[in-house]
Structures are given as structure tokens and as C-alpha cells.
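So that you can tell them apart, the chains are marked A, B, C, D, E and F in the order they are listed, and the count of residues begins at 1 in each.
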Amino acid sequence: MISQQLLYAIAGIGLFTIGLRATLLHQQLLPRLLSLNVCGAGVFLTFIAIAYQGPDAVADPVPHALVLTGIVVAVSALAMAVALGRRLRMLDDE
Amino acid sequence: MIDLVAILLIFVGLFFFLSGSIGLLRLPDLFTRLHALAKADNVGLACVAVGVVLLEASLLASLKILLIWLLIMAASSVSSHLIARDALRREQADD
Amino acid sequence: MELFSLLPLFILLSSLLPGLAIFMLKEESHGLRTGLNLFGAIAKLLLVGLLIWGVFHEKLLELRWSLGPGLELVLHADALSVLFVTLSTVLWLVTTIYAIGYLENTPHRSRFFGFFSLCVTATVGLALAGNLFTFVIFYELLTLATYPLVAHKGSPMAVRGARIYLAYTLAGGVLLLIGAVWLQTIAGPIDFVQGGILSGMQELDPWQLRWIFLLLIIGLGVKAALVPLHGWLPQAMVAPAPVSALLHAVAVVKAGAFGIVRVVYDVYGVEFAGSLGLLAFLGAAASITIVYGSVKALSQDNLKRRLAYSTVSQVSYIALGTAIVGPLATIGGVVHLVHQGVMKITLFFAAGNYAETLGVHRVSEMDGIGRRMPGTTLAFTIAALGMIGIPPVAGFVSKWYIGLGAMEAGAGWWVIPVLLTSSLLNAAYFLPIVYRAWFKPMTQAWPEEQPIQGRWEMPAALLWPPLVTASLALLIGVFAAAPYSPLEWATLIASREY
Amino acid sequence: MHELLLISIPALPLIMAMVSLFKRSWLTITMAPVVALVSALSISVDTTVAIPWLLLGVHWHLDATGQLFLLFSALIWLVAGWYASAERSKPIDTPLYHCLFLTAMTGNFLLIVAADMLSFYLGFAMMGLSAYGLIVKPSQQARRAARVYLGFTLVGELALFSALLLIVSNTGSVLFDELAAVHVSDLAMALLVLGFGIKLALPGLHFWLPLSYSTAPLISAAVLSGPMMKAGLLGWIRFVPTGSENLVDWGQLLLVLGSIGLLLGTLLALLQTRASAVLAYSSVAKMGIMSALFGFALANPAHAQAVIAALLLFAMHHLLVKSTLFLGLHSYRQTRARKAVFVGLAILALSLLGLPLSGGSAAKLQLAAATQDELSLLLSLSAVATTLMMLHFLQRVRQTKPAAADETDASIMGTRPWAAWWLLLPIAWWAPFAPASIAFDAKSLLLIAGGILLFLVIRRYQTQLRRLPVYCRPGDLFHLLARIRLRSPLRYKSNQALLPDLLLPEQQSANDAKSSQLSLTTPGVWWFVVTALLIAALFIPIYL
Amino acid sequence: MIDLLWLMVDALLVTLLLILGWITCASTDIKRGITLFTAFGLLLALIWARLRAPDLALAEAVIGAGISGALLLRAINDHKPLGSSTPQRSAWMTWSINLMALALFCVMSWSMWLTLDQVDSTRLSQLVLSQLDDSGVSNPVTAVLLNFRAYDTLLELAVVLTAVLAILALSPMRSAFQPAGVLLTGMLRWLVPVLIVSAGYLLWVGAHAPGGAFQAGAMLAAAMILLHQGGYHSGSGLNLMLLRVLLVIGIALFVGIGLVMMLLNQSFLDYSPGWAGLLILVIETAATVSIAAALTLAFVGGRPDGWEPVTDSSNPSNSAEFNS
Amino acid sequence: MNNLIVWVIGIPLLASLLTIIWPRRANVIALLTALACLLASILLTYQVHAGGPITHALGGWASGLGIALRIDAFSALLLLMAMLVVSAASFYANAYFADPLKQVRFWPLWLMLIVAINSLLLSGDLFNLYVTLELLGLSAVALTALSDNRAALQAAIRYLSIGLLGSLVFLAGVAFIYAGYGTLDLLQLAELARPDALTLVALALLSAGLLIKAALFPMHFWLPAAHASAPAPVSAALSALVVKVSVYILVRLWLDVFDPALSPAATLLLGILGGMAVIWGSWQALLAQRLKLMAAYSTVAQLGYLFLFLPVIVALPAGELRDNAFGALLLLALTHGFAKSALFLGAGVIQQQAGHDRIADLGGTARALPLTTFIIALAGIALVGLPPSGTFLAKWQLIASSIHSQQWWWIPVIAAGTLLATAYLFRVLGHAFGPGDSVGKVVNWGREEIPALTLALFASVILGLGSAGIWDLIVDGRIY
């Protein structure tokens, strides 16, 4: 039977492609940001799936640290994108 | 034995969660849904919390779970109040 | 490093440094600018004198600077380069004086003289280049330095002309670059060696060499204005007179011709090129250009455009000379390099004077101009006679040698008719000008006549250069066989090549 | 000393030409021919001088023929120079005319003294081109004539240039004396005939001569018909090695051409109305005879030398007489004492006829002796023809109106040219022969009488021929050809560069940065395509 | 039997996750999208917990679902589409993107499937665990984060700081909330201290159990955001210099300590043996504070007034002279 | 100063913090940092030249576990060029941003950009590359958005969204690599690399991400808008460094790390894309109406040249020929960096003096701003590849290598690229020399023009004549 690791990895890849597809299709900024985050979540899932050593063993900490960094980076990018969108809207209003 | 009771309690909790969700789906308007959710989920959570406490032996862990339950209770009540107030104000603004 | 080998660098710097200094000058400081210009020109003349002495006594004059693996900047003075350096130095001095007079109270003069000096640096560098790589570098630099000169006036016509000039020359430059690189990849770094570096290497595939020769000749042909590639020359006539004088008589056009001479003699070696059947192609191209240029010149009413087409045809004599295997033809081709330069620059000076003093641009307006401007027209006549090939003036000598060389090489049956038709055509488009100038009475008033100040017909700086170069042409013609004359030097070159 | 004199012969007139641009006086124009005359008489024959650094290495020498030519040409240049300096009318009295007069003289002298082909060619070219300046007058018709002359001279020069190339390339050296031993190729010979033929006005190449002589000022015509024309003959003598066998058929050709020239010249001369035109055509005829004689010399090389010698004397005689005739015509027009001049002209004409006791007859005798009477028919015919022409000329002269008033102020005419002309008359009469050697020859007298008789017969019929067809005007053939306008083949209006602006597009309205809408879809598709290609490209080697 | 059950649970979780992901992406209405996104974040936190990554579960919950959700919700009214219907992409385009995405998915999963089982799965974990004791902390994730790959974390903090700098440079603060109802203020008075305490707890526990600087920082930010929403507009009263120092302290300490260590030992961030634990704690506290400040400013939306030296006229007029 | 490699990253980071705390003196701090970094990079290059590549294991951990900073000839020279461009741009920015409001916002982000560039060039770890790429992307977007108008913001948003997408794809690649090899250190990867399916997919993902960031032809749509609308010093840094650095990683991955796994077909694909980028970029530059837009499109074109090198280098046998080609690639990258930044700074001067940068209305610029026109001409010479510039030597070597490697078809592309480059460059100069006075009477030597002049001189003259050093540095200064 396929191992959990592979299942989650493929789930991660699935999420990655869903997010990728959506990012390219959306026109507006916010939906695109959502899809980007989903895509990011997919990659993180793949990472953690690789780190998973089975139910009993201790998981590989390195991917965890990397994904943590990834999450924080993703949120800062999101914050910046939102601020850019807001500034553009302010300029449009004038 | 304790495990059996814990499992039973958890199932009861889950049942309450399920009813809350069904209420959410079936009920017609915002206020009734809010009502269902806030009430059912809290009760469900309580049962599950107690069940888990029973499973979990250490005191510290059970205290933490209790704290979690309290926090969620406070949060859900305040947020449902806010949502209801905002919906009410918006309805008065509409008509 | 031995002082002598630094001489080529000093010659380059003697026009580069003043040029850069002039760029910095403000528009108003005329005195300083003229001083710098003349100082640069005279300094270069002295250095070239030293160079001639050096080359004559077989001194090693070489300077190498490595730019990368297999990319070496080499300045090397041999007989051929000295000939071209002397020509450009002398004519630069005369043209600087002429330009100073011509551009009196016009805007942007610092910029003009800056690029002017850069252009001469490029020409001298091109002449002194020791290997194909350096030659390509200075060849492109020349295009760069001349573009702003052609576009100097800033009028839409000038800018358009400059743009077309640039399009042609850079396209040519790219082809030359590709040819040079291709050659360097299959034959290693190409140094200019008397008798040709490739003749030594037998293992190279002849078809590749032919394709490379074609690329090189097209690249050089653009500047040497071989027929299909000559479109830019008439367009570039919008440039001010000193520019079209120095550039299209000496620097740019000669660079192309000099390049062809270098490629045929010092890269391929003339026998080897002959054995590959390349020279027939070159000869054909040259002859077609000679005849086509003259025929086109017939129909041009604008004086400078007619001179441009005559340059197109005259420069191809050099190519014709190189295309014929034999010492005499080489002498003819090489010496024509000097003669054509001197004669053509006189014609352009005269054209510039007519335009500047009387606003005459078209040949039809030149009736009776001889009376109004005898000095310039005398110079024009001498140069025109030279171009036709009438004996006393220099033009005859090179035609004579090319003819003899052709006969000697057995190619007489097509070279002589070409020479004859072109001389006839030259006469057909030059003599009417001379005849109008001297013998036709002045019909209508001059378009824009400048009042005559002082005794001479125009300011001295404008009058004397054409006279000087015309007398130079006459002297070269009359004292052709004298020891330090261009002809003797060409014979020296030919003797070293064979 | 002799070398210096020899060098001064061509150098002095050149210097004088430069001087004359600034200061014109009779001294500047006559000094050069005087020196040439003196040196022709004083220099010992065969003095040679070589200047290696001048032109392409120059060799000058004065051999017998050269001396002869130099003597008489210098004489004519001297007298013509006198006339020119005395002349006040517009086209001649300009610095340009004097300068070109002296340059032509330089060319002529250089031609004579040249020992190498290049100097000869230099002289020939200088003489030919500067003569253009002598012919031209402001009138439109004169300018056209001058243009025609120029065209022919240029063609002649180029022919000579290519002939030189051919000869020098197979002989190796430029000197004349080494030329004799070498066989001259047919092509070179043809070019030489063409080159000098134009100068000697062979039939077909002749129509520039009458055109320019009739319109040019008479002084220039004198100089042109005299020394310059004979230069052509000198050219033939120098270049064509008479001794060699293979030129026999060329000789016959020249003989035929010469005789045709004689007939054509005579016929057209008789049809002319203006005196100078008649003289021009008589020159054509005379030149015809000379080229025939030269052809004869080529045809039978055995006694070529003798024939050439006789031919030389005959040419010198003709040179003197023809120039003097032109100068006479000029002074006839200028002076009031027309009667005296007319008498002079008549005397000269008689000498040309070959009246016994005159230079002409002596020349004819010499010629007859040299050609062992094989050409007696031609010579007699030429005698008759000359008589006809001279009589017609004299008749025309009597009818010429005096020139416009301002040209005929006798006072300024002054004595010098007048006296010079009268002095020249006896010399022209006796020309190259010492008076003692003149013998009486009855046969020629008979011929002259026949000629006069024939002339009288023609004169009676001439009245009907009033309306002459157009081609009879001087420069006959030219008028025929004039109709064909020579369009310059490649004159097309647009002088655009071959590569107009297609290479550099002007401002197309490129839409501004397409960032207005934020869509990523299209670029996304492209990105996907590239990624897919990349993966495929990476996987190729594994599965191929 | 048990692992079959676990497999079913995993399958359920995965399908739920994929469906939720698909819906979040495909939703056109932005409000609906954001709520779904928050739910997606929480589910993801659940999965991290399932995959034995407690630190990540915490972080995902707080940052992924919490802060991101809050930012997006706050930004909704900023991004109301201008009413212009977005140009519909041609069917061909959408179809090709779907096809390409599918192909990419297949290739990637095929390649993952091929190699995942052959490679020895321990990879770096054995190495980390063996070196854990001299890393100064017992929680392996914190050890990797703040010792083994401390440089990554430093740069990550730099990224956060850059984002905040950009936000500050772009626009001024949003208008404050009106004071909320009595109920919310009441709850806040209780909730905020609890949050702060638990943030401190998380920070402390990070050394030996899941937790750490980022989760604590986010928690602290959540507290501040709640205060902000409750109407306690901290914009005016805030002492600006303090805010500047707060923003900067995290990285400043990190780099400072790193350089000092470099001077003492032979390489950057090479903690001398005894000091590792303490230094890591110091760095973590500074980081927590910085992240909290940064995330709050991100939520608040721009620079508090007085942040820029000259008149804080945010109108673009002064930038007229300086257009693109 | 043994571990200069750390100071090169530490100094700008600390300086950035300082500028936040002390905004009034921001410009002085920034200028000092720029000079310090420049000095440090010079010393570093000297050390690499003297002692060969330097490795600095961060935190003292073994290379697998911890992160290593590595510097060899390739990255040292790029770092030196980057620091030169950054210092010049900083001096230029100091004079360019007259409004103190802008100064305060600009400097911290600018220093962060420097940190990002330095850390990226020196990083030896794959995930670290992701974080630095992210830092680079964010700071670049922030700086682009600084010019605060509609076009700039839209360009920034588009740049950010596509940049994030690129980074995520890169991260997916990193995940796959980690799955396959269990290590993230480039040096270890270089030894372990084997051409199996996972590695190839990972490499494809890594490259796809980087192609977006490096704006190779089909994915170049975001670059022109962003670079044209950003303020001048920023667009100079963007074009010269940010895009160039992504290409650096790609080249590093393809030529050094995954070399054995490479297939000529893949490099050929990149080469073809490069060729299309050259032609398309030059053509669009020719049609561009504005100077900065033209410069941006010319960046797209010039990057195309860098990608042309890949198939040639891979096809050449290892040894002297390959080193020559690699040296030429490096020289082209360096010269383009200098030339493009000089061009943008020059365009900035014109923008400020004339108030617009429409090429059609540039009449009279040669008269009003002689030095700036000279700078643009010099930069243009370097961009086109005319003799006195380094690009000429690089193109010479490129043609030679493509002949050596029997790939003839690149030569017409290079020829066409050069001619089109001449067309669009001399179109600008033609207008500048032409009549008109839209720029008004300015003939002073502004403080802004000197840094641009030094950059232009570096590009066309110094690198043209002194470039021999690059090749002998390449031979012994490479890690991989």
C-alpha cells in the first residue's frame, strides 16, 4: 500500500498545482493572493510529507524549520501585496 | 472503564458538533444560525474536553484543556454577539 | 620598453589627448581649441617623420597589449601603414586649418573638433594595426567617431544621412567581425605578416577561406564603397565640407580600401589569394564599381554628390590594383591610395569653398565661377585633371602603373578597357565643370554671395588648403620618381610584399 | 651648357605661362620661342639629358628631326606670340589665353625634345588640352566647336595612353631608341593610328578640324594648324619603327586613307564660303598627302628613310606656309593696307602650289626623288588640288569683309607683327631648302597651269550651287551626328540611397507598457509551455 | 488494522484538504474566499499536527489562519473591484492552463513516487539529533531554526522587516475603529493579558517543546490587533522612537550576537559552547517583539502619523515632481 | 580581515537598521555602507585571486547541516560589479531624491536590496537561495512602488505576484531536491548529482522559477513596466543586478551543480529562448516611445545574450575553450551591468531636467546636457558591443566559441541583435543631436552625472581594455 508519506506528498503536489492554476487564472489581486497561499501550502505539505518518518519515529526537524520560515515569508509577502493593492486603490480614487 | 466513558463522552460531543453544523446548513437566516452554532458547539466542545481529560492523566494538561474551553466559550459568545449586532444595524440601515 | 616601439602609441595619443581635451573646452575658448588642434596636428607630423625614418631603417616598431585569451591589441608600423599614416597626418593638418576657417562662428565647435580628432586617431590606429583583431577594433571606432560628424549640422537631412551611413557601416562592421572571428578560430591569431600569414598554412579548407574572404571583403567593401554597398556615400554628403573632405576622401573610404589591401597582401598573401580564385571576384567588383560610379556621377547635378560618386569609382582603383597579381599593379594600387586622397580632398575643399562663399551647390550654377574665385577654381581644375589621369598631375602615375601591372599580369584585356572607359567618363563629368567655371560667362547672380574682404577672394584659411593640396598633387605627380615620394614608398612596399 | 639649354626649351615656356597669369607683356610671350629658336640652332645634335627624379624618370634629347621641328615650330610660335601680344580684342587679350598659349607651347616643345614615351605623352596631353582654351570664344557655336575638339583630343590621348601601355609592357623600357628593335603589335599600331590620326585629321576623324579652325581666333588657328598638327606626324615617326617588315599592310592602309583624305579635303574646301574654312580643309588635304606618304614609307621599308626625310621637309614647308597664311588672313582682316597683304598671301599660295623656284616645288622634287616616282600620280593630283584650293582661297579672301571697326585700328596694330609677317614671308617661301638647291621643273609648271584652267571652269558653274546642303558647312559629319542626342544612360530622377528608411522604422505607436490590466494568464500559458519543453528536453537523453 | 484506520483518516484529511483548497481558489466572491481560506489554514494546521510537526501546527494556526485571515479581511474593502468586469479569458486559454497544470501534477507526482521509497528517508534528521545536545536547546526545530540554520532565520526576519518598511513607505495608517460595544471591551480586558502571558509561555517553552519566537510573536501581534479593533487607537500616543527600536531590535540583536560570536570564535553565529541556550533565548525574545510590532503595523496598514520627518501629507502631490 | 565574506552582508544589514532608527542621517549612513561594501568586495576579489575560493561555514556546523557562504571567481566579480553599481547609484540617488520624504523611505529598502544581492551571490545553500530570492523580490518590488504613481504600482503588483509564483516554484524544486538527496548544500549536491527522474524534474522546477525572475523571453512581460516606472537609481539596480543575479543562480545550477545531469537539448532550448529574447527585446526597444522603456526592453535583449552562452559552453569540451567561453559570459554580464545602470542613470537625469523621457521630444539634449548625452552614448557603445567596450570582446569570444562548437546558427542572431541594438541606440542619439529645446538651458555638471559617468566609463573603456584579468581569474578561481 502507498505510505502516508507518499499520500501527503502527492496531496501537497496537488495543492501546489491547484494554487498555480488559480494564480494564473485570477485577474484580481486578492483571489490571486489566496491562490498563491494555497500553492505555498501545497509546497509546505510536500516538504513536511518528506520529513514524516512514520507514526512512531521523530520527524526530520530541518524541513519543519524551513516550512516555518516559508510561512513567515509568505505572510510578509501577503501583507506587502495587500498594502500595494490598498495604495493603488487610494490613487485610483483621486 | 474510564476509557469507555471518555469515548462515550467524545461521541456525545461529536454528535453536538454534527447537530450544530446541520443547523448551520438548514436554518434560514443569520440569527438562527448564529444561535445554533454558538450553543451546540460549546456544549460539544465541553463534552469532548471532558472526554479527553479523562483519557489524559496529567493535571497540567487537563488544566490547559480547561483553559482552552473557557477561551473558546468567551470568544464564540463575543463574536456571535458582534456579528448579530452588525447584522441588525445593517438591516436597519437597509429599510 | 625600447623608445622606438612606443612611437606608434605616441602617434595615437598625439591626436587622442587633444581630442579629449577639446571635448572639455567650453564653446567660447576658440584660441585654446585652435591651438590644441594645431599642436596635435604638428606633433603628429613630427612623430610620423620619425616613424618614416624608423621604418626605412627596418627598426622594430611594435607594441602588444593583451585583452584576453587570443585577443591581443598590436600596434605595428610597417611600410604600408606608414604610407597611410603619413597621408592622413598631412591631410589632417590641412583639413584642420580648413575646418577652423570653414566653421567660423558656427555652434558646437568643441564637439566637432573633439570627434574630428577621435576620427583621426581611429584612422591612424587602423593604419598602425598589427593584427586583424586590432584592425576590426579601430574599424568600428572609426564608424563611431564619424557618425556625429556627419550628423553635425543637426538638420533632419543630416540626421537621416548619418543614420543611413551608420546602418551601412555597422552592418559591414558586423560581417567583418564574423569573418575575422571565423578566421581566427580556424587559423589562430592573425598577425599581418609580409607576404600573407595564411599562405604558410596549407591544411586549411579552401572553401572556408573563400567564404571568410567574401565576408571580409563585404565588410570592408561597405567602407570602400564597392557597388552594391556604396549607398551611404552620396547620402553622407550632407556633412559639412571639412568632414566630407577628410572623411570621404581620406579616412573612411580609404580605411575600407586599406583594409582590402591588408587582407589581400598581409593576411592571405596575393599568390595564395590568386590561387584560391579570390582576386578575380575582387577585380570584377572593383571594375563594376569603377564604371558604375563614373556613370552615376554623370547624372548628378549636385556638385558634392557628383564628387561622392567619383570617390566611389576612384577608390575602387585601389581594389583593382590589389586584385591584379604583380608588383607593378601593387605599386599602382597602393600609390593611388595617396594620390586619390590628395586630389579628392582638393575637390572637396573647393566644393566647400563654393558652397561657403557663393552658396553654389549645383554644377548648373557654376557658370563663370573661375573669374569670381580664381584660386579655388585653379585648385579644382588641377585636381580634376589629376582625377582624369592627365600626366602632370598625380592621378596619371597610378593609372599608368595599374595599366602596366595589368599588362604584365596578362589581365590587360579587361583592365585596360575599364581604365579607358573610366578615364573617359571622368573627363565627361569633370571637364564640363572646369569648362563652365573658366570659359562660360557668368549668367545669373550667385545664390548667397559673401562680400570680398581684403585682397583675396575668401578668408585665407579657406583659400590656402585647396591650393596647398592641389600643389601637393601636382608635386607628387611631377616629382613622382623623387626619393621620398609616395611612388618610391609604394615600390618599397611592393618589393617587401613579393 | 647644352643640357641647360635643352632643359630650358620646355621649362621656360612653362615658367612664362605662370608669369603671364599676373603680368602680360610681349616679352613674356615671345621670350620662350626665341630661346627655343636659339637653342635649336646652337645645340649640337643628339645632346641628351636624363632627370631621374622628374615625373617617372625623364629623358630628353634633340636629334635631327627634333631640331628641324623645333626650329620651324619655334619660329611660328614666335610670330604668333607677337601677334597675340599685339592683339587687343577680348578673347585673346586675357591672362587665361596667354597662359594657355604658353602651356600649349610648352607641350609642343616637350613633345619635340622628348626621348621617352612618357614625356612625349605628357607634352601631347598638355598641348591638346590647353589648345582647347585657345579655340574657345564666348559665342555658343565656338564653344560647341571647342567641346567637339576636346572630345576628340581626349579620345586621341586615351588611345595613345593604351598604345603606350601595350608598347611599354612588351618592350620593358620607355625610351624611343630601344623601341626600334621591337615588333609592334597590331593592336598597338591601330591605337597609334587612331591617336595620331585624330591629330592628323585622317578622313572620318577630321571633322573637328574645320569646325574649330573656322570658329577659333586666327592666331590660334595658325598655331593649331602649324606646329600642333605636325606633332601628330612626329608622333608617328617616333613610335612607329619604319624599318620593320610586318607593318607593310598598315602602310597600304595609310596610303589609301591619305589619298581619300586628299580628295575629301579638296572637294569640301572648294565648297566652303569662308576663307578660314577653305584653309582648314586644305590642311586636311595636305595632311592626307603626308599620311599617304608616311604609309608609303611603311609600305616599302627599303627606302623608308629617304621618304621620311623628304616628307619631313615637305611637312616643315607646309607648316610654315599654312601658319603664315592664317596669320596673313588675320592681318588682312585687321589692316587697311589690304592690297599688300593680299599680294603676300598670293605669293605664299604660289609657294604652296609648288611653283618652280619656291620651297614647295623643291619639296615636291625631293619627294618625287625619294619615292622613285611611284607616287607621281598622287603628287601631281595633289599639286592640282592645291592649286584649286589656293585659288578658291584667294578668291574668298578678296570677298571677306573687313572685321568690325574696333579690331582694325591699324595704329595699335603697330609695326612689329606687320614687320614680322613680312620677314616670315621669304622664309616661308624658301622654307627648309637652301636657295641654291632650288631647280627649275617644267612639269610642275604644266600642272599648275592645268589647275588654274580647271579652277576657271569650276568658277563658272559655282553660281548655281548657291544653296549648299547643310552638311557642307564646316565640320560636315558633325552636323549629321548632332541630331543623335546622346542621353546619359543612367540618368534617373530618384537619387535615393539604395536602402531607404525600411531599415529604421519611424515612430510606430507601440502601445505603452501593456501593464494596464494585471492578467497573468497569457504569460502563464507561455510559462507553462516553456516548463513543459524544459522537462521534455531534460528527459530526452534518458529515454532516447 | 490500526494503520488501516490511520490510512482512512489520512485519506479523509487529504481529500478534505484538496476540496477545500480547490474551493478557496475557485471562489469568485472574495469574502467567501477569505473565510474558506481561514478554514483551509486551520485544516492545514490539523494536518501538520497529524504529520508530527507541532511547531508548524501552532505557527500555521496563528500566522497562516489568524494573521493572514485578519489581513485579508481588513483588505476586503480596499480591493472592491472597480465594478469593471474583468476581461474574461478565452476558453482556449483556461482550457490549456488546466491541461498544463494536470500534466505538471502527473509528472511531479510520478517522479516523487519513483524515488520517495528508494532514498533512505532519514536524510538530515539523524545528523541534527546527534548534534542536538551541543545546540543549546532540546527542541530540534528550534535548534535548527536558531542554531544550525540561524542564518536563514536572520534573513527571514530581514524579509519581514522589508515587508513592513514597504508598508510604511506606501501609505499612512488606516482610520481607527470606532470604540466597539461594551461586550468586546469587556472581553478584551480579560483576553489581552491572557494572550500576552501565553505568548510569553510559548516563547519560553520553545527551547524544549514546540513553540518559539515566531508563534509567540504572532500571538502578541494578535493581542495588539484585538486592542486596535477594540478602538484603543495606539497611533497617536505611541512613542515613535520606541516603535522604531521595537521593529529593529530583533535583527539588531541577532546580527550583533552573531558578529560578537564571530569575533570570539572563528565563524559567524558560532555560539561559544556554554552560552548557546541563553543567547538563543535572548535572540528569540527580541525576535518575538520585532515580529509582533511588524505584524501589528501590517494589520494597521501604514505609517503612524509623525513617522516621516516632513509634513506627513500622504497626498501624492508632493511626488508630482517625481513621477515614474 | 579573514571573514570579509560575513561583513559584506552584515554591514548593509546593520546600516539598514540604523537608517530606520535615525532617518535624518539615512543618506550619510547609506553612502558610507556602500563604500565599505565596495572596499570589502575589492579585498574579497583580491583574496579569491590570491588564495582561490573561500568557504565560510556559518555557525561552525558541518556543511550538510549548517549553511555555508561560498565565494569564487564568478561570484566575486559579480559582487564587485554589484557593489560598484550600487555605490554609484547611491551617490546618484542622494542627489536624485531632492524630497526628504522620499529619502527616508528609499534608504532602508535600498540597503535591504544590497543585503539581498550580497547574500544571494555568496550563499552556498539551496533553501538559503530561496530566502534571499524572496528578500530580493520583496525589496525590489518595494523600491519600484516608491515612485508612487498608478503605472508604477500596477507594475509593482504584477512584479510581486509573478515573483512570488516564481519563488514558490523554486521552493517546490528545493523540496524535490531535498526529497531526492537529503541535503541542501550546493557543493554536496554537485558531487551527488545523478540524472534520475526526480533530479530532472527538480531542476526543471528550479529553472522555471528562475526563468520567471530572470525575465527570459516568454516570461519577460513584467520587466519593461516595472523597470520603466521605477525611479532611476532603482531601475538601474533592477536591470543591472536583480535580474542578473537570477541568471547567476541559473548558470550556477546548470553549469556547476547539475552539470553531469545536463542534456544538450535542454541548454539548446534555453539558447533558443535567449535568441528569441535578443530579437524580440531589441525589436520592442526599437518601437518603444520612452527612453526608460527602451532601456528596459534592451535589458530583456541583453539577457538573451547571456542565455546564448549556455548551449555553447555545454557543447565545448572542458578545458581552455570552455573557460574562454565562460570568461566571455562573465565579461558580458559585468559590462551589461555597468552599461545598463549608466543608461538608466542618464535617463533619470534627462527625466528630471526635461520632465519627460519621450524619445521623440529629446531634441536639443546634446546641447543642454552634453555630459549626459556622452554618458548615454558610452553606455550605448557598451550595450551594442562596439570596440572600446567589454561587450565587443565578449561577442568576439561568443562567436569564436559558437564556431568551435559547430553551432553556427547563433551567429545570425548575434548579428541581428547587434544591428537592432545600433538602430534603437542611435535613434535616441539622433534625436538628442537633433534640433529643439525641450530640455531647456541646462549645461552644468550636476552632481548626479558623475557617478553615471564612472559607470559608463567602466563599461566601455576600463572593461574593454583591462579585461584580460577576468580570464586568468576564471582558470584557477572556480570551486566546482
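Rule of thumb we're sticking to: contacts are C-beta pairs under 8 Å (C-beta built on N, C-alpha and C of every residue); 3 or more make two chains touch, one makes a residue touch a chain.
Computed from a predicted model, the values in this text were never measured in an experiment.
Trainee: Would you say A-F or D-E is joined by more C-beta pairs in contact?
Mentor: More contacting C-beta pairs are found at A-F.
Trainee: Report the inter-chain centroid distance for chain B and chain F in whole angstrom, where each centroid is the mean of the CA atoms.
Mentor: Roughly 56 Å, centre to centre.
Trainee: At what distance in angstrom does the C-alpha mean of chain F lie from that of chain D?
Mentor: Here chain D and chain F have centroids separated by 78 Å.
Trainee: Between chain A and chain D, what is the gap in Å from one C-alpha centre to the other?
Mentor: 102
Trainee: Give, as an integer number of Å, the spacing between the C-alpha centres of chain E and chain A.
Mentor: 12
Trainee: Which positions in chain F are in touch with at least two other chains?
Mentor: Within chain F, residues 127, 131, 134, 138, 141-142, 145, 148-149, 151, 154, 157, 161, 165, 172, 176, 178-179, 197, 200-201, 205, 228-229, 423, 427 contact more than one other chain.
Trainee: Can you pull out the residues of chain D that are in contact with at least two other chains?
Mentor: Residues 503-504, 517-522, 524-525, 527-529, 531, 535 of chain D touch two or more partner chains.
Trainee: Show the residues in chain A shared as contacts by 2 or more other chains, in ascending order.
Mentor: Where chain A meets two or more other chains at a single residue, that happens at 9, 13, 16, 19-20, 23-25, 27-29, 32-33, 42, 46, 50, 62, 66, 69, 73, 76-77, 80, 84-85, 87, 91-92.
Trainee: By the touch definition up top, name every chain pair that qualifies.
Mentor: Touching chain pairs, listed by label, are A-D, A-E, A-F, B-E, C-D, C-F, D-E, D-F, E-F.
Trainee: If you look only at chain D, which of its residues touch chain F in the complex?
Mentor: For this pair, the touching residues of chain D are 503-505, 507-510, 512-516, 518, 520, 522-523, 526-527, 529-531, 533-535, 537-542.
Trainee: Touching residues of chain D toward chain A in the complex: what are they?
Mentor: So the residues of chain D in touch with chain A come to 517-521, 524-525, 527-528.
Trainee: Can you list the chain F residues touching chain A in their complex?
Mentor: 127, 131, 134, 138, 141-142, 145, 148-150, 153-154, 156-157, 160-161, 164-165, 168-169, 171-172, 175-176, 178-179
Trainee: Which of the residues in chain E come into contact with chain D in the complex?
Mentor: Going by the criterion above, the answer is residues 86-87, 89, 93-94, 96-97, 100-101, 103-104, 107.
Trainee: Per the contact definition, I'd like the list of chain B residues that touch chain E in the complex.
Mentor: Interface residues on chain B, with respect to chain E: 71, 74-75, 78, 81-82, 85.
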